[in-house]
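The following pair of complexes shares a single chain, chain A, combined with chain B in the former and chain C in the latter.
Coming up: the complex of A and B.
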C-alpha cells in the first residue's frame, strides 16, 4: 500500500471545538487515480492537508510507503513534501514574479540541484505539457489552462510518489477542465503516477477510477468507477 | 549563492522606490559616522600634533617655589637646580630606570650678524637633546660630543632666527659656517634647525659646557631631562616621580611631598592622558554615529516586515513545495543584509569623499591663535580600520534588522497562506 490512513482524527480548537475528521480509514495503492468527493465542510480539505503533510492530525496513523508520518519537525515535513508529494492547487499558486520555467524549477532548487540541470529538466517537463514556447512567460501572461499545466509540470518535476490535486479545475472553464482532467488521467495511465483529486464536482470525480465519498468527517461509500459511469451528467463533460 | 542573489534582486526590483528611500537612511547614518570620525581624527591630529614631538620615555624636571614650610624654612622659597641634582638623578637610587641625564642651562642676550640683530635665548645643551626632543636639522649638524669636550663656541640656530639675522631674500643656508655675535662673544653657526612653537622661536642651542663657562653660570642649571626605561604604568611612573621629588626636595631643604617645589613634566603619563582623552572622544563620536545609523536600521526592519507580509502567500507556496524554514529565513536575512550593506557602502564611500574634501579645504587652512598659525583640522580622514569596523557594523545591523521579519516569515504556515486567496 502506498498510502495507509488508520483511524485518523482531527479536531480544531478555535473557540468551539470542531471535530472535523472522525476516524478516517483509507488505503490507496500505488498507481491509483482516486477522487475524494464531498460537500464543503465535509472535512475533505482537512484530509487533503493531512495527506499533503501540511497539517498534523490528533490521533491515528498515517503511512506513506510504509513510513509513519507523525510528529515531524518543520524541516522533516518540508523534505517529505519536496520528495514525495506534488501539489496542484485550485488557484494554481504559481509565483507571479517568476517565469513558467523558473516556477517549475523551484522544487529542484530546494533539493539543491544545480541551476543547469534543473533548467534542463524543467524544460523537458514543460515541453511534455506543450508549453515549451511559453517557458519565458510570466504567469499573468498565460491562460488558466496554461497556468494549471505549468503547475502540473511543477508537481511532476521531482517525480513524487503522490500528486495531490485540490479542486484542480475549480478556476477553469468546462472545456479546459476537461483537458486538465484528461491530462491527469493520461499521466496516471502512461507514467503510473498516483493521483488524488479532491473535488466537490461529480463530473470531475467521474474522470477518476475510484471515488471516495466523505461526509461529515467520515468516509461513506467507496465507488469503483473504472467504467466512468458514476454520474449520468458527467459522462461526456464536466458540469459547471 | 547566485540563486540567492537572484532572488534578492527579484524582490528588490519590485520595490525600487521604497528600497531606495529606506536605503537612504542607512547611507545617511554611515555617512555621518564616517564624517564624524574623520573630523574627530582631524581635530585630534591638530590638537595633539605636538604629542609626537618628544620621545615618550622622557621626563623634564625643573625648580619651582616651595609651598609649605619645612626644616625651619618658610614657604615661597625659590628652588634652583644645580649640578648636584644632576649627580643625584644619576645616582644608584635611580639607576634601575634612568638612562640618560641631560641638563640645560640658558642665558638671554642679543645676537647680531652684519647689520641685523635680534634678541635670543641660548640654551646650553647636550647632543642627546636632539633625539629626545626630535629636533629636525635642516642644514649642518647638531651639537656633538667634541663640542662639549672642547667647549667650542658653536651654535645651532632655528630657521626663523636665521631669517631675521640675514638680509631679506637670502637663503638661510647662507648662515651656515658664519660667525654671529651674542653679546660680546662670537659663535660659529654649525647647524640650522626647524623652528618650533613649543621650544620657542629664538632658542639657539650651544654646548652645555661652553654656555656654562662663557657666561659664568657656576653650578646653577635650568632643568634636567631624564630618559628612562621600565616604567610601564601610570602607577610605576608616579612612584618613581615621588621618589625623585623626595630626594631632590630634601637636598634643597623642602618638604619631600611638596609638589610645587619641583615640577616634573612626564611625557609618558602625559601621553597616557592624551590617549584616554582621544579614546573618550572616539567613543562619543561612535555613539553619535551609531544612533544616527539606528534610524536607518529601524527603517530597514520596518520595510522587511512589510515585505514579509506581502509575500506571505508566496512563502506558503514555497513551503508547500519543500522550502525548509531556514530557506525562508535565509532569504529575508540576506535581503536585509544586502540592502544595509549596499546602501551602507554608498554612504561610506560618500563619507570618505567628504573627508577628502574636508582635508583639501578646511584641512589646509589655519587660524590665528596666540600669535601663532594653528591648523583646525589635520588629515581629517578615517583609516582602513574604521572601514572594516563599519563593515562589521553594517553586517550586524543588517542581521538585526532582518532577524525579526525573517523569524516571522519562517513561521508562515502553508495552509493559512494558501487559504488567503
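Coming up: the complex of A and C.
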C-alpha cells in the first residue's frame, strides 16, 4: 500500500470545536487514479491537506510507503512534500513574476539541484506537456489550460510518488477540463503515478478509476469506476 | 540556505519589482547613513579647526592682568587702578608652590619693524626665556631667547612668521641680520612659525620678541608689568589655584580679596575643558541624530518588508507547499532586507564621502585653514557592517511572520 490512513480524526478549534474528520480509513495503492468526492464542508479539503502533509491530524495513523507521517518538524514535512508529493491547485498557484520554466524549476531549487540541470529538466517536462514554446512566458500571458499544464509540469518534476490535485478543473471551462483530466489519466497510465483528485464534480470524478465518496467527515461508498460509467452526465464529457 | 545565482536574481527581482517603494524606503536608510557619516566627518574637521587655534598653548595655564577695582577696601575707593610688578613673580612662586612657571610679559603695540626697504607694523613682546613654556614657539630658524640674552640685556629678537615673510621676502635664514624696531636695532636670533591663534598680547605671527630686561628699559616701564602668565605643575588643576593667587595679589596690592573684577584671570585649563565638554556634547548630538535617522530608516525598511510579506502570502504558501523549508523563507526575507539596506546604505556612504571631500576642498582653500573632514576607511567599513546588522534586524519581524505562513494559506487566500 502506498497510502494508508487508519482512523484519522481532525478537529478544528476555532472558537467552537469543529470535528471535521471522524475516523477516516482509506488505502490507496501505488499507481491508482483516485478521486475524492464530496460536497463543500464534507471534509475533503481537510483530508487532502492531511494527505499532502500540509496539515496535521489529531489521532490515527497515516503512512506513506510504510513511513508514519506524524509529528514531523516543518523541515521534515517540507522535505517529504518536496520529494514525495506533487501539488496541483485549483487556482494554478503559479508565481506571477516567474516565467513558466522558472515556475517548473522551483521545486528543484529547493532540492538544491544545480541551476543548469534543473533548467534542462524543466524544459524536458514543459516539452512533454507541449509547452516548450511557452517556457519564457509569464503566467498572465497564458490561458487557463496552459497554466494548469505548467502547474502539472511543476508537480511532476520531482518525480513524486503521489500527485494531489485539488479541484484541478475548478477554474477551467469544460473543454480544457476534459483535456486536463485526460492528461492526468495519461500520466497515470504511462508513468504509473498515483493521482488523487479532490473534486465535487461528478464528471471529473468519472474520469478516475476509483471514486471515494466522503460525507460529513466519514467515508461513504468507495466505487470502482474502471468502466467510467458512474455519472450519466460524465459519460461523454464533463458537464459544467 | 541555498545560494546560487538564482537566489540573488530573485532578491534583485523582488526589489526592482516595486521600484518606487524600494526607492522611497531605501532613501530613509540612505539619508540616515549619510547624516551619520557626514556629521562625524564634519565634527572631526570642526574640532581640528578649533583645536588648531589653541595649538602650542599651555593647557594648564592662567594669564592674569590688573583692572580697576570695583569694591572699596581699607580706605581705598573703588575704581582704583593698580599694577602688577616684578615682586609679584617671586611672591607667587614662593607662596604657591604648585605653580611651575611664573613669567611676566610687557608689550608695546604698533612698532614699525624695518629691514632694508621692507617694513611692517609689529608688536614688541618683552619676555623672559621661560615664556616658551606658556606659548610654545615653533622655531623655524635659529633659537628662542635664552637666559644669557636676558641677563646680558642683549639686543636680540625672535620674529614671528608674518614679520619674517614681510622683511625677508626672499626667504632663507635671517639669523644674524639686524632689523630696526622703533628706534633700536636688534639682531635676529630666531624665527617662530607657531601657528596657533591663541596667544598673549597679539598674535605670535606679528610679534617681535625681545628680552624683558632690555624691553623694560627701552620702553621705560620701570617696575610695572602688563601681565603675568603662570602654569601649574602636572596633576594640579589651575582652577584650584585661582582663588589662592587672587588672595595673594589682593593682599599685596590692597584690594578686596573678594573683588573678582580687580584682577582678570584667564584660565586655559577651564577653556580647554570647556572646549572638551563642548565637543563631547557635540559628538553625543551627532551620534544621537545620526543613529536616530538610521533607525527611522530601518523601521521604514522593516515596515515595508512586513507589507511585502503580507502581499506575498500566497507566493510564500506555494513555496512552502512545493518544499521550501521555513529556513529557506527566512533567509529569503532577511537577505532581501539586507540587500535593500546595504544597497541604499552604500550609496549613502559614497555620497557622504563625496560631500566630505567637497567640504574639505572648500575649507582648505580658505586662507589659514586646514583640517581633515574625511572619515577613515575603517569608519566606512564599520558603517557598512552596521548596515548589514541593521538589515538583519529589520528583516527579523517580517521574516518571522513569513515563517508562520502555512502552505494551506496559499490555497485558502483566493
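The rule we apply is simple: the second predicted complex is superposed on the first by the 240 of 240 C-alpha atoms of A that agree within 3 Å, B and C clash if a C-alpha of one lies under 4 Å from a C-alpha of the other, contacts with A are read in each partner's own complex, and residues count from 1 in each chain.
Note that a residue touches a chain if its C-beta (ideal position, glycine included) is under 8 Å from a C-beta of that chain, and two chains touch if they have at least 3 such contacts.
All values reported here derive from a predicted model rather than from experimental measurement.
Clashing of chain B with chain C is the outcome of superposition onto chain A. When both complexes are overlaid on chain A, the residue A:203 reaches neither chain B nor chain C. Looking at the shared chain after the overlay, A:168 reaches neither chain B nor chain C. Using the contact criterion defined above for the overlaid structures, shared-chain residue A:38 touches neither chain B nor chain C, since it reaches no partner.
When both complexes are overlaid on chain A, the residue A:112 reaches chain C alone and has no touch with chain B.
In the superposition on chain A, A:74 contacts both chain B and chain C. The superposed model places chain C right into chain B at 385-393; the other stretches listed in 223-231, 241-249 or 385-393 stay free of clashes.
Where the contact sets of chain A with chain B and with chain C meet, they give residues 49, 52, 54-55, 74-75, 78-79, 81-83, 87, 89-91, 93-97, 106-107, 109-111, 115, 154, 158. Residues of chain A touching chain B in their complex: 49, 52, 54-55, 74-75, 78-79, 81-83, 87, 89-91, 93-98, 106-107, 109-111, 115, 154, 158. Remark: chain C residues 2, 4-6, 13-14, 17, 314-315, 317-328, 406-408, 410-411, 414 touch chain A in the complex. Residues of chain B touching chain A in their complex: 2-3, 10, 14, 313-314, 316-327, 414-415, 418, 421.
Taken together, the chain A residues at the contact with chain C in this complex read 45, 49, 52, 54-55, 74-75, 78-79, 81-83, 87, 89-91, 93-97, 106-107, 109-112, 114-115, 154, 158, 166.
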